[in-house]
Structure formats: C-alpha cells, structure tokens
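What follows is chain A paired twice: with chain B in the first complex and chain C in the second.
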Partner chain A sequence: MTQATLLALLSHWWRNPLQLFTLLAGLALATALWSGVQAVNAEARASYDAAAATLGEAQYERLVRPDGQPMAQATYVALRRAGWLVSPVVQGRLEGVRIVGIEPLTAPGGIGPVAPQEGADFGSFLTGEGQLFANAETAARLPDLDVIISPDIAPGTAVTDIGVAQRLLGKADLIDSLIVLPAQPRTRVPLAEIAADLTRQPAQGGSDIGRLTDSFHLNLTAFGLLSFAVGIFIVNGAIGLAFEQRRPVVRTMRALGLPLRRLILLMGAELMIFALIAGIIGVALGYVIAALLLPDVAATLRGLYGADVSGTLQLRPSWWLSGLAIALGGTALAASGALSQLARMPLLAAAQPRALAMAAGRRARLQGYAALVLLVLSAILMVTAEGLIGGFGLLAGLLIGAALALPLLLDACLNLMSKAAKSVTAQWFWADTRQQLPGLSLALMALLLAMAANVGVSTMVSSFRLTFTDFLDQRLASELYVRTDDAAQAAGLIGFAKDRVDAILPIQSTQTTVAGQPTEVFGARDHATYRDFWVFLQSTDDAWGTTFAGRTVLINEQLSRRAGLDVGDTMTLQDRDFQIAGVYGDYGNPIGQAVLGEAIFGMLYPDVAPRNYGLRMPPEDVPDFVAGLEAATGIPATQTINQAGIKSISLAIFERTFTVTTALNILTLAVAGFAILMSLLTLASMRVPQLAPAWAMGMTRRQIGWLELLRAVMLALLTALVALPLGLALAWALLAVVNVAAFGWQLPMYLFPADYARLGVFALLAAALAALWPALRLARTPPADLLKVFSNER
Partner chain B sequence: MLLTVTDIQKTYQTADGPFAVLRGIDLCLAAGETLALTGESGSGKSTLLHLIGGLDTPDAGQIVLQGQDIAALDDTGRAALRRGTVGVVFQQFNLIPSLKVGDNIAFQARLAGKHDPAWAATLAEKMGLTPHLNKYPEQLSGGQQQRVAIARTLAAKPKLVLADEPTGNLDEATAGVVMDLMLQLVAETGAGLLMVTHSEALAARLSRRLHLRAGQVA
Partner chain C sequence: MNVKALLLLCWMPCVATAQGFAGLGTEVDGFSVPQPNPTFHFPSDHGAHPEYRIEWWYLTANLTAADGTPYGLQWTLFRSALAPETGAGWSAPQLWMGHAAVTTPDNHYVSERLARGGIGQAGVTAEPFEAWIDDWVLQGDWQTMQMTASAPDFAYDMALTAKGPLVFHGEGGYSVKSAAGQASYYYSQPFFAITGTLQLPEGDIAVTGNAWLDREWSSQPLADNQTGWDWFSLSFDDGAKLMGFRLQQTDGENFTSATWIMPDGTTTAYADGALTATPLATNADDVPVRWRVELPARGLDVTVAAINDNAWMTTSVPYWEGPVTVTGSHAGIGYLEMTGYE
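== the complex of A and B ==
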C-alpha cells in the first residue's frame, strides 16, 4: 500500500515538474532569505564590534611610565607578587600594522581576540610560537607571519601573545603598559612601594560606542525576526499551493481505500524530505548570495559557517541548523494546517460552489475583523507602548494586521476602480482583477512584508548612520585629542600648541547631581566648533551664544527625560539657576550631562582644571604635530587620539553596512517576486476559462497578455503604496519605541525618499518580471484551447 | 446474501434547513446478481451508492456487507472496505492523472495488497487497453478512460461493484461497448453489481431493477 501510494504521490511531481520547482524554490528562497539575513546580521555585528574594539580599547585603567618609555618585565612580576591584578601589554608598529601583545591568561575580556576561533591553536598562542590574530585585510599586510584570520579584530591591528610581540618588536623583557583589572584585592601593597616610577592612567570612556552598538544589534535582531516572518509566509504559500493542486487526487486515493492516517503520514514525510532538501539548498544559497553581494564578508562567513582556521571544514551547527529549522519548522507549521484541513475534507467532492463561496466570505470577514483588531491594537500601543514586550507587540500587530488587511484593501480599491471605469474593456479588466485577487493575495502579502521590511531596514540603518556620524562629529569634532597627566604637562601642551593649531579647546568636567540624577557638568570654551557640530533635539535660537555668555545651560536627552527637564525650564547648579537653552542627543551615554560656558564653569567649580584638550588643525598636520609634541614636551603619542583616523574607520564600516542593506533589499524582493511568479503560474491553468469569454468577445490574445502584465504591475504598485507607510511605521516603532524601551534614548528618524522611490521601482520591476512569462504563455494560448472551454461546458 | 440494506436514512443540512434525501431504503443483492438503480435526478441514487460504498455514513439504518455492518466501522475500517471488498466506478472516471494507464489499473489492487499482474494484463487485454498501458490518462479518449476506471475496479477483484452512471459521459456506441465488457467481466468474477443509470435500455440488461422516488423505493 505504502509503495503504491508513494508512487502516486511522487508521480505527481514527476508529471508537474514546474510545481515541484516552485515548491522547492519557495522553501529554498525562504531559507536563503533567513540565512542570508543572519549572515548579514553577523557581518554587521562583527563590523560594529571591530569599531567598538577600536574605540573602546582604552576602557581599562593602566599603569604606565610617565615618560612613555617601556618598563622592565620585573616590575610586572613584582606587582603581581604584591597582589596587584594587572596584565601586561606590549605595543608597536610593524609594516604599518599596530601589533598588540597581550597575555591571554591575565588579560580582561574585550581586548584582543575576544573569543579565539574554535580550533585555533590556542596552545601555540600561549607558548609564543608566533600566531597573530588580525582581520583578512590586515593579515595581507603581514605576509611573512603566521596570521590567523579573525574578523573580530579591529582594522589595522594584529593581536598576539606578549612573547611574540616582544620578539617581533625587539622589546625583549620590556612592557609598555599594565592593564589594571576592575576588581582588585584590598590587601595589595600601595603602588608607590613597589613601582614608584609608574603612574596610573585613567580609563577613557568607551562605553558610549558599545551601547550604541547594542542598540543597533537589537534592531537587526528585530529585522531578523521580520525576515523570519516573511520566510514562513512564503513557505506557507508554497505548501498551501502544493496541497490545493493535489486535492482531487487525494480524494480519489481515499475513495479507492487509502486510509487517512497513512495518507497524512506519507504526505507529511514527503514534505519533510522536500523541506530538508530545499533547506540545504537554501542555506547554501544564502551563503553564496551573501558572499557574492558583500565584499569581504567571506571571512566573517567562514567564522559563522565554521570553516575553521586550521583548514578542516567544521560547520558551526547553530547557523546552518537555524536555517534548516526555518525550512523544516516552517514546513511543519504550514503542513500541519494544510494536513488538518485535508483530514477534515469530506471524501465526496462537495462541489457546492455556494457553500464554498459562503465559507470564503466568512473567512474574508473574519480576516477583516482580525486585521482591524490588530491595527487598532497597534495604534493604541503606538501611544502607550513602553516596555520591550510592548514594542515587539507593536511590531507584530502592525505587520500581521497590515498583511491581513491588504487583500481587503485591494479589493475595495478595485471595486472603486471598476465602478469608475467607463469602457467595457476597463470594466472587464477591473472585475477580472478582483476575481484574481484571492489567488494572488498571499504573494502580494509577501511583497508587502518584503517591501515594508526594506523600507524599515533602509530607514533604520541610514538613520543610524546619520546619527552615528553626527555623534562622532559632535563628540570628536577636534582633529586631535590630548590627555595631560598634570598641570605641568598641560602647560607644556598649551605652550607647544599655541602657535601651531587653529584652536585649543579645553575639556573640563565634574560630577554632580541634578534633580537626583548623577550628572557630569562640562565647561566649554566659546568656539565655532560647538556651533558647527552639535545637534540639538530642541533648542532656543541662540543656545550656544547665551550658554557661552553664562546665562543658560545645555543638557543631554538622558537628563531631560529622566529629570523631566525641557527647553525653557530652570535648573540649579551650585545654587545658581540656569535656564535650559537646548537638549542634545547623547547616544549611548548612561548618565546625564550638562554644558556650561567656560567662564561661569570656572566660577562655579574653581578647583576643576582641564586635563583633556581638543585641538583643531588641518587633519593632515596631525601626525607631525603628535611627533613634535612628544619631542618637545614628552607627552607620548599614547596620550593622544587621532579623531580623523577613528572616524574614517567608522565610516568605512558603515559603507559595509550599506552593501549589506542593498544585499538584503535585493534578496527580499527576489523572494517576493518569486512568490508572485509562483502564484501566477498556478493561476495560469485556471485563467484560460476566465479569459476565453473575453477572447470570444473580440479581444486579441496579445491584448489579453498585455493586460495580464499590467495587472501584476498595478497590483504591485498598490501594494507598494501600502508598504511605504507600513515600513515607516515599522522603522519608527523600532527607533522610537523599542530603542527607548531598551536603552532609554530615542534614535532620531530621518527619511530617504530617493531610497524609497528606488525600492518601489525595484518592486514594480520584480512584479513585471514575475508576470512576464505567465503573460506570454497566456498570449500564446492556442485558439483551440480557448474554444475547448466552450465545448466542455455542459 | 452479499448485501443487505435496511431502512437507510440520510438527511443533509442545507442553507434552507435539513433536507431528507433517503427516507428508509431497503434492498438486498446476492453474489453474481446485477441490480439497476434508477430514478429521476436528485432522487438520491448517488447518495445511496456512496453510503453502500463506505464513502459516507447513514444517519440511521443498517448496511450489512458480507455479514458485516459497515455503519459500525471507523474511518480505517471503511477505507479497508473500500479497497478490499467494494469497487466504485465513478461517472467522472477519477483516474490519477500522474500515473500511467498500467499503474492506474494496478493502483487499487496494490492498495489492497491483491495485485495480480496476470489478471491485470487480462483485464487490459479484454478492455483493449494493452496498446495504451504506457500512456497517461489525459492522452486517452473518454471511453478509453472509463475502461481504465472499470479495469482498475475489477483488478482488485471486489465482491461488490458499485457503478454510478459509468457510461454517462460517453456516447451511445461507446457506452454499449463499455457496458458489455463490464457485465461480462463482472459475471466472470462472480461479483455483485449495483449500477445507477438513467438509461432504460441499460437497466433492462441487468437482472433486477430498483426505482427511487423522493428518497424511497417506488
């Protein structure tokens, strides 16, 4: 029995290879979409982690010699013996690459190869046999060394064991600095008693970038889930079609005595095997597409999919398994619905069009109510949502509600059009389109979700990029930052810099409490830099003018939100009232900030002297200046931050993110286009009887073909018009609700109309391409087939 | 007695309320006997045939086939009945379009685990289907397709053949040929035959006839 049934089931695909192809391709594409997005996510994550590592390297306190010279290794040993938890670092340059030597056993997390690749020869790292870790680009600059590709390492940097670094850099038995671990035993001997020649170099806040990155990761995760939804949707469509097509055969087989249980078992098994095959193809496809579309993503992908460094192919299970799980889980989900429907299907063809129509009408009404409820719920959540759950609930409600509402919306639209139509052809066209809608609505829903996801992703990534660069411009406006350890160094710096730079901007701050909130107060020197670069969320006309004049204060968003302070409110510092002239975005900062003019700051906090300075100068002068500064004042390069360098790295990373986004756009639209093609092909056989009357009434087949094409493009256009606001709502929900819930600050949302227009054109193109073949086929239907429709009528 | 039907009732729920299609039908059929079921359209002939074939369940009454009450069977039991004991020849052929003619003929017998290649070949030969065994159903004419459907039913050697207007879709000449073949083969296997037909001429060729009117035996 099983054999005969399997033969009958499988022969269906053998005879209808196109149906098999659409089923497998639908499953594979959904999987490819998911795994592609995962790859893209991982790439973006790796890029941001690299940026964060570069920017956040100085997050630990260090012990260094004031003259910037290396210390003896013996000093390190003595400190460890005295109870100090410190970890040695050796740094230097080789072929333009920054070599950082660390001691893996004592180094804190977050520097160096955060998690060395599995399979990497960790032993040889420890024994100093010479392995270095760097990203692919950096590795290419060190051809003679044994470099292990590790995408997590910041660009232009190679990390290795301290022994290797000492050898490579010719610093035998020398150490440049000691990282002081955050937790230290109370009982350690004071520093002065062991190593009086060392000074403590405070940590520099690197956490801002890290937090910004966290937010980006969260948003990418949300979009990963979205692509999951689109994928499941398409899988569901493919499975539903496959069942619909075989319904009569299933009926016949049951009438001939095939037990239902056996049938369901066999069909389920058949589908699972297909899902497995399609899933494997899909995961591979996702890999290939991501690798093709993203330059230098290959290294990351190797990390993800697990080809390990020593060359043996070791697939990392979590990645390809999640892809297969989508294919299998999605299929199981979709198939369980279709199979239960099959089980409930009466054995005898009810062939009662009225009952079917009534059921369809009931379903449409139900769908309408569900959509309405979901959208109303989303609208309420938009105003009230606060927690993360509320935010994600909003996202889900919006998406599902809009997808469910789409067919009804389109139907209403077409109804209006057909009423407005003057000519008979136009009337027929609209009415015929309406009749087609149920068969196409699943594909159109997929297109809607795909487009909305794209609009959302583009908006989110681009907004993020603008915010991030603005933030960098604002916070790293000066070309060079110099930290001084004491008043003498500060004086030396000012003396040296005075005639060499365009402006010296002292950075001075102190901790205090405003309205119960821990707040850092800054004193800023009157200079155009601030006016040019700082971005206010809200401000008075001359916010900087009045602030420099000592009459007003500027605060960050965090303080504004937490203390409930807005522009025009008054706030007290050192018993003196200041009006708030502006609120600025301060992305990622955990605590409140306030900025005063330099003069009034000096009056209120006379004990605070600036230790850090921002220097404005042409960017190309920076390297010479740094060298000159060290020679003249002894302030080492390690106490300077070249802002231009950091910014160019971050921007390069963003460029990569954009390639990633483009890849995502192409992929999702391809999938949606494919869903349209699939539906049109499935409908094609039903179309002949529908079109025959039009043909008989005098329309040419050519005309009919053109109208088919036009119909697809028009439906895609209507869908795109719905997708745009949905995508924007999605982006808004992510930036303004989810982000605020997770991190306490809102990412501003920018609009990119040109991007949206291009996306719309892509979507129309995808729809036109998908409709082209079915339309051509219809235009070439032999007149005999059209005639048959009439002769077959009873 | 091969088949005994006692006081069968069947009511459909429609949009306009319940609609009693069969209101107490009794009939019996011995092995080797052929019975014609006639009646105007909508009188419930197909409904009765489906109930006897285990494709649907009656609301009340008994259908005893080879001493077994089929109303008492569950879905699995009825499926076993359909593939092993009864064979249904549908008006719309209901062939499996993706299987070749040869595989279609063998399909039900294979399901029942009673596939006999020699018998299947004999049937194909007698039905004049031998040249078409490697074709797909869509490549055959209506008469040829109906002959495949009949061969498929007989290949499983059912005890009772149920036929619902088996020649309704065929022209008169073809219908005559197909009918002859079916009657001859049913006689050869010693099965009982219950056939729905609109044709007086066809009904006259069977051993008995039963006329339905308004859901009752007239």
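== the complex of A and C ==
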C-alpha cells in the first residue's frame, strides 16, 4: 500500500514538472545563499582563531611595555629566575608575512606548530637553522626561507623559533611580549621588583580581530538569513499550491481506506527527500558562491582590519551539515501549514482549485492583526531596544510585520485604483489584479524582503564607508608618519624635519585602566591640525583649548559608553582628576582611548617618550622629504607611512567591500525575481478561464499579454515603494541598535537616493523579466484553448 | 603528541641510543663516550659535561615530619645536548629539563620545567656550584647546600649537610649498563642530612631526613634492546646503603648492578646477576610497587614497598618515582624509580 500511495503522490510531480522545479530550485537557491555566506564567515573566523591561537592572545595574559616597544631578552630570563612562568614572543613583518617567533619549551600548549608535521626536525627548529612553519599560500611568499607547509598555521603568518625570528627581524636580544602561563608557582617575586617597566595586559577573551570584523560578518549573515527567508517564501508557495492541487488525490486515497497518519507521514517523507536533494544542490552552489566571493572578502578584511584571511576555501563538515539541516528545517517550516491543513481537512471535502486564494482571503483579517501587532512591537523596540537580542527582535518584527502587511496594503491600494478607474478596460485590469493578488502575494513578499535587505545593507555599508573615510581624514591628518626605533633616530628626525615641515606632531601613548576599562592614553601637541580635523560627537565650546592647557581630557565613544562617562564628568588618570571636554567617534577600535595635552601627559607619564611622529607639509613635498630623510638620518622609507598611500588603500578596500555587497544584492534580487516568475507561471495555467471572456469581448491576445507584463511591473513598483521605508528602518536598526550593542559605537546614517533609485529600477527589471515569459505564453495561447473555456465544463 | 613530548623523546636515553649507538669505544654523533678507569676532578666534574649527550643532577630525599608522617622529595635537573657544543643565544644546542616532586602518603605533587641553554635560563656552574632552571636552584659547596623549587601547588626550601664522602659506582665511577658494555660515569653523595619546609596545599610542614644526590652522565647508557629500568636507593637502619638497578630487556632477561655502601662510605660493586629484584605486586596502573630485593653476598633479602602507590610522574615523559619502606633481613627507607611502564 505504501508503494502505491507513494506512486500516486509522486505522479503529481511528474505531471507538474514546473512545480517540482520551483520547489527544488527555490530551496536550493535559499540554501545556496545561506550556506555560501556561512562558508565565507566560517572561513574568516577560522582564520582569526588560528591567528589568535598562534599568539594565544585570547587565552593568556601577557606582559608588555606600555609604550609598545620591545623589552630586553635579559628581562625574560630575570623574570623566569624570579619564578614567573612566562614565554617570550617576537613578531614582525617580512615580505608582508607576519613572522611570529615562539619558544616551544616554555610556550603553553596550543600555541605555534603544535602538531609535528612531515619533515619537521625539532633539532633544527631549536638550533636556529631557520625552519619556519606556514600554510602553502604564505610559504610561496617566502621563497628564500626553509618553510615547512603546515595547513593549521594562520593565513599570512609564519611561525618559527624565537632565535630565528630575532635574526630575520633584526631584533637581536629583544622580545616583544611575554605570555603569562595560567598556573604560576606559589613563590614568586612581585613584578615591580623585577621589571617595573612592564605592564600586565589581560587576556582578550576572543580575538580583537574577531570583534572588529564582527560588524562585517553581521552584514553578511543578515544577507544570508534574508535570502533564506525569501527562498522559504518560494518553497512555501510551491508546497501550498501542490497540496491544494492534490486534494482530489488525497480525498480519493483516503476514501479508499488509506489512514490519515500514514498519508501525512508519506507526504512528509516525500518532501524531506526533495529537501535533501535540494539541500545537496544548494550546498554545492553555496560552495561555488563562497569560493567566488572569498577572495574579495579576504582582501576587504585584510585591508580594513589587517585581519589575514585565507583566500582558499576549506570544506568543513560542520558547514555542509548545517546547510543540509537548514534546507530540511526550512522545508519543514514551509510545509507545516499545508500538512496541518491536510490533517484537519474533512474526508470528503470538495477539491478547490482556487482554495489557495480563497484561504488567503479568509486569512486576511488574521494576517492583518498579526502584522499590526508585530509593527507596533517594532515601534516600541525602536525606542527601548538595547542589546543584541533586542536589536534582532526589532529586525525580525519589522521584516515579518511588513511582509505580512504587504498583501493588505497592496489590496487597499488596488481597491483605490479600481474606484478611480474610468474606462472598462482599466476597471477590469484593477479588478483582475486584485483577484490575482493572493496568488502572487508570497512572491511579492519575497521581493519586498529582498529589496528592503538591499536598501538596509547598502545604506549601512555606504554609511560605514563615508564615516570611515571622514574618520581617516581626522586621524590621518598629517601628510607623513614616521616611526623611529630609538631616541637617536627620533632626535635625527626632529633635527632633519625642523626647518622642512610645517609642524612636527609627536605621537606618544601608554596603556592604563580607566573605570575598569583597558584604555590607551595619548599626549597631543597643541596644533591647529587637531582643532581643524577632529569631529566630536559631543563637546564643550573650547574642548581642545582646555585640553591642551592640561585641564581637561577627551575620550572616545567606546570609553564613554562602557564607563558611562559623558562630557562634564570627571575621570582620574595617575591620581589626578580631569573633566571630560569631548567625546569623539573612534571606529574599529576595541578599547577605550583618552587624549591629554602634551605637557600634562609628560608630567603624568615621564617615562614614555614619543617614538612615532606625524609631519605636516604640502603633500607634493612628501616623496622628496622621505628620500632626504633616509640620506640624512638613515631612517628608511619603510619606517614612513604616506597619508595619501593609506587613503588610496582604504578606498581600494571599500571598492572590494562593494563588490561583495553588489554581488549579494544581485543574487537576492535574482531569487525574488525567480519567485515572481514561478508564481506567474503556476498562475498562468489557471488564468485562461478568466482571460477568455476578456478575449471574447474583443481584447487581442497581444493586449492581454502586455497588460500581464504591466501588472507585474506595477505590483513590483508598489512593493518597491513599501520596501524603501522598510529598508531604511532596517538600516537604522542595524546602525543605531545592533551596532551599538555589538561593538559599542553608533554609526551615523546617511541616505543614498541615487542608489535606491537604481535598486528600484533593478527590481522593476527583475519583475518585468520574470513576467516576460508568462506574458508571452498568454499572448500565444491558441484561440482554440480560449474557446474551449466556453465549451468545456471545468 | 605535542612538540614537547617529541623533544623529550629525543632526550630520553633509550631513544638517544637507538638513534646513535655505534658500539663501545666509538664516538656517537660526535659525542664523547665514557671510558673505563676514569679520574674525576672536583669541583669541575660537579659541573656540566656538554660533550656528552645526557647528564643529570638527581636528588631524592626521605623526610619525616614532627608527627612522624613520612614524605618523599625529588629535585632533578636533566641536561640533554642536540650536539656536543656550547654557545650563547637561542641556538645553543644544550637543553635543560627540571623535575620536582613531593610525595605524601596520600598525594603526589609534580612539576616540570623546560629551558634552553645559552640564554642563562638554566645551567650548571661548577665553581661556585650552582645548578638552576628558572627559580629552582641547588647550590653550595657539596658540604652544605641549599635547594628550592616552586610549583602552583607546592614548594620547598631545604638545607643540606654532607655527613659522609662521595661514593663512586661500578669500577671507580665507570658504571656498566649492559652486557654489550654501554656505560656511564656515575657517582653519588648519599650522606646528606636534610632539613627544611614543605609548602603543600595541606599547609607548611617542617621536615628532616636524609637525601641522596646522584650525578651521572653519558652519551649512550642503554643498549637498544633495553626498554626501561628499576632503580633502588636504600638506606638501612644500621647505616649501610645500597644502590641497585635492574635494566629490563626486550628478551625478558635483566641486567643488574649494585653498589653496597658501608656507613663510612667504602663501597663494594656487584656485577650483573649478583642482585635480583622481583616484582611482588602492582598498582592499578600495572606498575610494580612492591619488590623483593636480594643480594645474597650481603645476606640481603628485603621487601621494598611504596609509601604511596601513585607516585607517578606526570611529566612530558612519565615515570614512577617515590619513597619506599624496607622490611625483611634489613630494615630501612629509600627511593624507587621505575621507567618503561607507560
């Protein structure tokens, strides 16, 4: 009996291959977008984790010098001999590769090349013969060195023995930081007695890079989730239609004695098989999408945050399994309504070919209430939401509420239009559109979500770009930055630059703790550069004046939010109270920051000497200055950073970001377009009886075709009008609620009307393209078929 | 397996010989090899011999608290050379490993340190004598000495006073380890009186007792068919002492050696076969913790039993090391070390 039932059920799909295709393609596309995005995220996160594990920043406290300069190797030995279980680390860059030197005998487990690789020789690792470990990509960038391929090493990083790293990086007898092992001996001399110049830097508890790049991944995840939602709408539509059409079959089979439970079980099993097939296709497609996107994403992250992400994708079981799981879960979600309806259906209920539409009509009121509740809830959350959960609740409420409200809105709109219509044709057009709306509403909801997501995410990314470039202007106000290695170089630089540049701005900083927050304190020299370029979120009238005079302090937004400090409040540095004169935006910085005047900074932190300098000069003089500096003082060009260079790199990075965003925009729109196409195609066959009277009364088939096309575009236009405010609300929620909760700073929101207009045109094009084939098919319906409507009894 | 374990495998003598053994009297990878009839020079021979592959300063002590509770203590510094050279900096091929332990009747506390030679983090100087790794130190003139070690769960600070002369094992300090003739240089100071404080999670405990310091170095002390050893250092109530070891061979046979030490320090060496050691009972991990030890030439027939069966050293290369009691023809206390039971 089971086999016969299955055959009967499956026969529906053989007779309606298009429906089967819709179901499989919708699900596969949804899974593909979701799992593609997840693959990119997973790859990036694995790279961060590998990077963090290389140095153990996440798990272990460290000892560093507050000025960021390396310490003497003798300090390490002195600490060990005083009972401190610390392990030295040396790091630097060579050919763009991050070289990390570790001491394998004292390093805690889980750091460095822990698993011996093929060809590894620890004798030669330890005795300074120059063995390095890196992945294949990185190894290719270090052709002159003895690199052992080790896939687990973080991208862009080569791990080697500390002695080798010191030699390669020119840091003989120097150590950059000391990892503090978690278990320390019972008897230990206090740090201040051995190395008073070192400070303890707490474990970061999750990598810095991970936190910085979270906002980027959040964008991608939002995209993935919305695409999946769009796909599930398609699947839901296809399943609903198929179940409606199979009611006669179901009725017959049940009348023949098939138990309801077995029927439901079989239909569920049938869907799960489809979901599995579609899931496999989707995961494969997702892999292709991820592989295509990853190089751009990797380049973006590397440029934006200095995070090294592997450009090649690894197939992780957790990833493809979750892809399959979400395909199955999505199908279950989409089918649950249809299956429960089937379970409740009276045994002999008549087949209702248009039941889908009728049911939608009956459900309209309920749907309206649900939408209202969700939107009101979103409005409340907009004011009150705090934290990530609230932020995501707001996003979900907004999107689902708007999607549910869309058919009602469109219906009201069409009702108005039809009342305003004068001609018979126009009246018929509006009335016919209203009648078709229930069948199309799922596809239109998908389009709404896709467009809103595009508006929201592109507004967020573009706002981020604008803010960030402004921020770069503010922070990179000097035309040239020079790093000096010691006091002699610093003196040489000042001597050389004194008469050649407009201003020398020393950059000095130290690490401390303010109100329990790790904070970097800067000393700034009194110069117009700061007054001209820095933008405050909040400040007193003469914030820079009082700060340079040593009376006040300026803090970044992160410190302000986390420590609850505002303009006018007082904070303490080195037992001295300062009033806060201003709060500035500091994007992408994970820790707090405070700026003092140069004089007071020197008094409070007499041991910190500036090693980095910003130089103001006409931009065109920079190349000559750099060449002259090297000739006169021996400070190589590699120790200088040209501001124009940084800015062009930053802009190039944003171009990459946009490549990613645009690709995802196009993909989601394509999914929505596909939804429209499939809805129209399934409707088309049922529409012949409704179009036949119009044809019989004198409309040409060509006219009918055109009107079909026009209808799709008009509905897309109406949807786009709803999508725009929804997208902006989404962008606002992302920038003002989710971003603050996740990263501690708010991004200002900018509007980009030209982008929205272009997006609208794309959406209309997508709708027109989707409607083209169904319209053509209608226009080419043989007159005989139309005539049959009048002669045949349906 | 991690880097450390791999490194340590290179250190352990059995592996070292498997890689490098090339027969008696020849050089092993450029390392020197012990020769019969040695002449020792002190204090310089208390220091390191970097031209040999492996070397150790190995102190064990039987301690008693005021309430009569017995304790055991270990302080060991191993040197292992990747090449027979010294030098300054990270690339110097001398590596150091320290093991410290305290054994109570109920607990066994272990700690391990690793360090590179060449940067001052660990080493041994002969004059004045100081052996150190990190903050662990053994120093003094071999008459009076100080010794400290510290770990997250225990620490100790001890003072030692020699009550007798140095003792040389085998043929004047040339200790043969196999029928094929592998050997090491081996002498001891078994007459240390020791006093100090143990810092344990249970609290600080003042203890006194006697300590036994072994010095041994070689480049290939075991034959390639030898898989581990059982080593006894026993102090009898009448003032006599016994050092004996049994090397386990893959063919099921053993190679034994013993030194009988009179209370005045005069010694008698016993070649292979004179000493027998027979396992009587094992602990939950199949490590024999009760032994019958016989040396008929001295009328010795004793049972050696661990004070704490679970004195397993959870170090990079694990082994068993702990205090024992001696009963039978002779009564006393001592230390037992067993390797090759992983």
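Going forward, the second predicted complex is superposed on the first by the 401 of 794 C-alpha atoms of A that agree within 3 Å, B and C clash if a C-alpha of one lies under 4 Å from a C-alpha of the other, contacts with A are read in each partner's own complex, and residues count from 1 in each chain.
Here, contacts are C-beta pairs under 8 Å (C-beta built on N, C-alpha and C of every residue); 3 or more make two chains touch, one makes a residue touch a chain.
Computed from a predicted model, the values in this text were never measured in an experiment.
Chemist: One more residue to check, A:Val77. First (chain B), second (chain C), both or neither?
Modeler: second
Chemist: May I ask you to decide whether A:Gly257 touches chain B, chain C, both, or neither, giving the answer as first, second, both or neither?
Modeler: Once the two structures are laid over each other on A, A:Gly257 reaches chain B alone.
Chemist: A:Gln3 contacts which: chain B (first), chain C (second), both, neither?
Modeler: After superposing on A, A:Gln3 lies in contact with chain B but is clear of chain C.
Chemist: Between chain B (first) and chain C (second), which does A:Gln166 come into contact with in this model arrangement: first, second, both, or neither?
Modeler: The answer is second: A:Gln166 touches chain C but not chain B.
Chemist: Touching A:Trp14 in the superposition: chain B (first), chain C (second), both, neither?
Modeler: The first partner, chain B, only.
Chemist: Quick one: which bits of chain B touch chain A in the complex? Just the residue numbers, please.
Modeler: Going by the criterion above, the answer is residues 15, 50, 55-56, 75-76, 79-84, 88, 90, 94-99, 103, 106-108, 110-113, 136, 152.
Chemist: Could you please specify the touching residues of chain A with respect to chain B in the complex?
Modeler: 1, 3-5, 7-8, 11-12, 14-16, 248-249, 251-261, 347-348, 354-355, 358
Chemist: Considering only the defined contacts, which chain C positions touch chain A in the complex?
Modeler: Touch list, chain C to chain A: 1-4, 6-7, 10, 82-83, 89-93, 95, 111, 114-116, 119-121, 132, 134-135, 148, 150-155, 199.
Chemist: Enumerate the contact residues on chain A facing chain C in the complex.
Modeler: Residue list for chain A touching chain C: 73-74, 76-77, 80-83, 85, 103-106, 109, 112-116, 122-123, 126-128, 161-163, 166, 183-188.
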